[in-house]
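What follows is a set of structures for review.
Common to both upcoming complexes is chain A, partnered first by chain B, then by chain C.
Now for the complex of A and B:
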């Protein structure tokens, strides 16, 4: 499974980066390809490429604020949660993503 | 207390409520104006209203970006006794990691904070911060 994601929190200095790291670690631990873009106070980092988005089976948006570039994910399966869900339960979130992609659309 | 300006570490702090923690943070913060302590406490409370500060079992991360802050800092507080009830959902807090970010801070400093935040995603690292006894060891861990 290929996952792309975006992390963005209110202040943009704490949960954004913890959520990114936790999601990427959990995804890799489960054997998936995962890349998470951060939209924080530093700006956009680890920006997703069109190719990564096109190949992704699912998008995880862990955000407490409106993210930039949401239209990039039009037509994709999306899971959207607050950042604290990604921070507290990253493994469950990845497991949920695996469940979602086998469900009929 | 050890202080390298950017990181400040307080071990065995006798704080028993969330409000005491926020007042403590405002007291040790490098503010633009020392008379702005109350405003910083208010900002911390406001931020908490927007989402949980709990980042791991026993660990909370109060953080703000503020024009009241004169110097960005990460302030680690190991409590002498855990705070049994941080709020209705958050119990048994033993470590507080306060992040006070100056408004319009340099990207280099923001990167430094972001790097430390990413390190906090490692549960083993957080466990080490929770269990270190010696202040000097605590300091070594965050400077790794």
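Now for the complex of A and C:
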């Protein structure tokens, strides 16, 4: 499974990056390819490429604010949660992603 | 520059006296003032509490990351406090906290891109369970810095 994600919190200083680290670690631990873009005070980093998005089986948006560039994910399966969920239960979130992609659309 | 450049050994306390969230924030804010990261404790704490009101800053694993943007911030940095006993705090896993990382970030951050970048890399490390485990076991400031930066 290939996962792309976006993390963005209210202040854009802390939770965004903690969520990124937790999601990437949980995804890798489960044996998936995962890349998480961050949208914080410093701007967008680790920006997802068109290719990464095209190849992704699922998109995880962990955000407390409206993210930039949401239209990039049009037509893809998306799981959307507050950053807290990614920080608190990253493994569960990844497991949920794995469940979602086998469900018929 | 690297993450270690944003972790100042002078703003790390492993002998926190605070027994409550209020005391902990005040104690660490004083450390930031003494080391010239902020100019006004009251203004700074008001901005920190503003963020606290928006939701838990306890991220689980006994760690809290109070933060906010404040005009009282002179330079971007963090104060880190370790306590022996759990302090009650609003957290995602409903445990208390033993490690408090107080972020100091200004309202205007022109020209501060490098420091913000370092701070984001630093924040990212707080999402790593192993780093946190080492952090909470640290006995002195050098140990804390080592846990967070190695």
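We adopt the following convention: the second predicted complex is superposed on the first by the 105 of 105 C-alpha atoms of A that agree within 3 Å, B and C clash if a C-alpha of one lies under 4 Å from a C-alpha of the other, contacts with A are read in each partner's own complex, and residues count from 1 in each chain.
As a working rule, contacts are C-beta pairs under 8 Å (C-beta built on N, C-alpha and C of every residue); 3 or more make two chains touch, one makes a residue touch a chain.
Just so it is clear, the model here is predicted, and its values are computed rather than measured.
J.: On chain A, do chain B and chain C fit together or clash when superposed?
T.: They clash: once the shared chain is superposed, the two partners overlap in space.
J.: Tell me the contact category for A:84 with respect to chain B and chain C: first, second, both or neither.
T.: The answer is both, since A:84 touches chain B and chain C.
J.: Does the superposition put A:57 against chain B (first), chain C (second), both, or neither?
T.: The answer is neither, since A:57 touches no partner chain.
J.: Regarding the shared-chain residue A:33, is it in contact with chain B (first), chain C (second), both, or neither?
T.: A:33 sits against neither chain B nor chain C.
J.: Check chain A for residues that touch chain B in one structure and chain C in the other, and list them.
T.: After superposing on chain A, chain A residues 10-11, 13-18, 20-22, 25, 38, 40-42, 64, 84, 87-88 contact both chain B and chain C.
J.: Which part of chain A faces chain B closely enough to touch in the complex?
T.: Where chain A meets chain B, its residues are 9-18, 20-22, 25, 38, 40-42, 64, 82-84, 87-88.
J.: Please output the residues of chain A touching chain C within their complex, sorted ascending.
T.: 10-11, 13-22, 25, 38, 40-42, 45, 64, 84, 87-88
J.: Over in the complex, which chain C residues touch chain A? Could you list them?
T.: Touching chain A: residues 51, 54-57, 59-60, 65, 67-69, 92-93, 103, 105, 109, 113, 116-117, 119-121, 123-128 of chain C.
J.: Please give the residue numbers of chain B that touch chain A in the complex, ascending.
T.: 47, 50-52, 54-55, 61, 63-65, 99, 101, 105, 107, 110-111, 113-114, 117-118, 120-122
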